[in-house]
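As written, the chain order gives the labels A, B, C and D, with residue 1 at the start of each chain.
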Amino acid sequence: HSNINHDLTPDSVYRYSRHLLLPSFGVQGQSNLLKSSILVIGAGGLGSPALLYLAACGVGRLGIVDHDVVELNNMHRQVIHTEAYIGQPKVKSAAATCRSSSDKEVFSRINSTIQIVEYQEALRTSNALEILSQYDIVVDATDNAPSRYMISDCCVVLGKPLVSGAALGLEGQLSIYNYNGGPCYRCLFPTPPPTSACQRCSDSGVLGVVPGIIGCLQALEAIKIAGAVGEPLSGRMLLFDALSARIRIVKIRGRSSQCEVCGENSAFTQQQFKNFDYEKFTQAPLSTLPVKLNL
Amino acid sequence: HSNINHDLTPDSVYRYSRHLLLPSFGVQGQSNLLKSSILVIGAGGLGSPALLYLAACGVGRLGIVDHDVVELNNMHRQVIHTEAYIGQPKVKSAAATCRSSSDKEVFSRINSTIQIVEYQEALRTSNALEILSQYDIVVDATDNAPSRYMISDCCVVLGKPLVSGAALGLEGQLSIYNYNGGPCYRCLFPTPPPTSACQRCSDSGVLGVVPGIIGCLQALEAIKIAGAVGEPLSGRMLLFDALSARIRIVKIRGRSSQCEVCGENSAFTQQQFKNFDYEKFTQAPLSTLPVKLNL
Amino acid sequence: MQLTLEFGGGLELLCESVKIHKVNVDPPNGTEKFIMKDLLSWVRTNLIKERPEMFMKEDSVRPGVLVLVNDCDWELSGQLDTTLEDKDVVVFISTLHGG
Amino acid sequence: MQLTLEFGGGLELLCESVKIHKVNVDPPNGTEKFIMKDLLSWVRTNLIKERPEMFMKEDSVRPGVLVLVNDCDWELSGQLDTTLEDKDVVVFISTLHGG
């Protein structure tokens, strides 16, 4: 292994040595990772493990978007947050766990050597282009249908690969959109589902470790794209059923020439994106208040 | 949902509300979890995510066994540890992340309401019976062959289910042993492999998020057993290939009547366990020093 | 002809929370082929116990439902015209949005 | 007869790091069946490029290797006597110990 040309510092060589030893990842994969930038939208059930592993593995710049605050009923699955941060913004809590944070905390955390950028705001058509354009890869870790359409459309107009995960109840789903000529979210789902089919974790519940598994898989797929290794899960979808411990990886359709956003004759521009009403399109709000549980 | 008999405190109802909402988990599953005890052996790449999710989900008593100290080259995958704990015992670091820890730290962490028991020692035949006997479920998150045989044998003589995970390079494996009449580790692997076939992460490397995924799946299977829900992965094995994003769940043999430890005619007693030399049996040490990487 | 039908992502709630159904179906009178269009109406009649509008819209599945024939998106095999064969596995899964 | 052979858990290193091999094999002279015992010697002759002792021990696989025929442990189908059929998938995987 000696005498390979690389630009890793001695500290990085030591920190990431288990990656450097891998013939199929190695110095080149780690070097690619350190130069990459990844945006994670949502610091909840999916975003928590995704952020932990993306920070740990050495992504050069990691962005976190979330407008929410930490609540006690998040703690069963959002393992990046700590009880001390209940009531405080998730972005602050997640960033503090990933790196040496504010002056208040004298100790550093998982990886103080990477850059973390905090966006303590809801993602909207008004700020999405500006934020997403600064990253190589986007991870959708949100929890509602309008956000998923908005993020996919934004990735199409900006040409960014999208690692999309979802979890509800005891099931999870995962795919990569808009990557290497593959389909976008709208190619698969041109028409939004009826609102009655769009359950949320806050309404229907979720076993905490299920988004944990899907979020880790999102981190893996983002690392594969950023590191330029392996076969990313594009044109395929992973379907996970926790209760029966069954996993299917299925082949899905390719890019649709008829797609209104990424198709051949589409003229969906940045300006049209800015003016598109995703809440009206999906008949659902970008964020809601949770229901009260009466036991 | 109202007026169901249960023994959850109002705080627990709120903290675990997303679990309580699940028809297939609900109050009964959560109540089972809160009364259960789970021992995680190894607070490294597999143990980190397993411990995070087991603490978060509300396992009543969580034991952690590890003799090692946190090193910088663990940080790429052992996301439960923080840079401040480098050089300190992994058990201390992991316990501090899971709960309100020592007097030094005034803030609490993921779940201050559960009991965490620290075993800052290597697991040996001399202490294994005493430690494992105090838990309902055992999670093998170790990194070497002699430990895997020792833990499985100990689970057989004590009648404990074993959730066993492994990860190396870009692959992972997962199964449940000694559960509900299913096979033990020795039923599958009666003869130890040659030492040349027993690579470790420290020798061969591992992509950090791969044990992340397997460790989360271990937490899930332990939660299913503890909560008494779903079909645990017994008599089946999950094989994960991260590079190609392929997962197989295969059917494996049942309990072997010829098994030297769990078989019909076996007379493997606690005393024999105590006297068994696992290092000699596998021709491998229970712990080793990592190799130096020369770049 | 025996088929295995699986429902997921919440669609199982429409069939009494049973996810896997082994069923026997036969081509409609006067035809030889059994296609996905036939299966949808068979499912609607025989398996869906409530809220059929959560499963179908007009003569296809509702938006947000993926259909997989032997682990392959039905868009790749001809959608409603896909011919089914003995022992095929058909999965109906509703896309999830939670996280 | 076409078979798909897969190697994992490090065994692929013995076959030039290729994990999936689509191969054509025929029953030995004078026999009609092709069994796992035949496949093992075929693999040893045709695919294993180095350290054959990491793959086989005597006439079976070495300890620590799981053999799966169509996603099912070969212990359940007769081990070395398992009869193979066209399009079967055989997986050889070395058990991992890392973590």
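Just so we're on the same page, a contact is a pair of C-beta atoms (placed from the backbone, for glycine too) under 8 Å apart; a residue touches a chain by one contact, two chains touch by 3 or more.
Per UniProt, the chains are C, D = Ubiquitin-related modifier 1 homolog.
Fair warning: this is a prediction, and the values are worked out from it, not measured in the lab.
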| item | value |
| --- | --- |
| Between chain B and chain D, centroid-to-centroid distance (C-alpha), Å | 31 |
| Where chain C and chain D are represented by their mean Cα positions, the distance between them in whole Å | 37 |
| Centre-of-Cα separation between chain D and chain A, whole angstrom | 39 |
| Junction residues of chain B - those touching two or more other chains | 169, 201, 204, 206, 244, 249 |
| Residues within chain C bordering two or more other chains | none |
| Graph class of chain-chain contacts, one of line, ring, star, complete, other | line |
| Interchain contacts, given as pairs of chains that touch | A-B, A-C, B-D |
| Chain D partner contacts - residues on chain B that touch it in the complex | 42, 44-47, 141-145, 148, 165-169, 171-173, 188-194, 196-201, 204, 206, 211, 237, 239, 241, 244, 248-253 |
| Touch list for chain D against partner chain B, complex | 8-10, 19, 53-54, 62-66, 68, 71-73, 75-76, 91, 93-99 |
| Contact set on chain A toward chain B in their complex | 1-2, 4, 6, 8, 11, 13-22, 24-25, 27, 49, 52-53, 56-58, 72-73, 75-79, 81-84, 100, 107-112, 169-170, 201-210, 212-213, 216-217, 219-221, 223-224, 229-233, 236, 238, 242-247, 249, 293-295 |
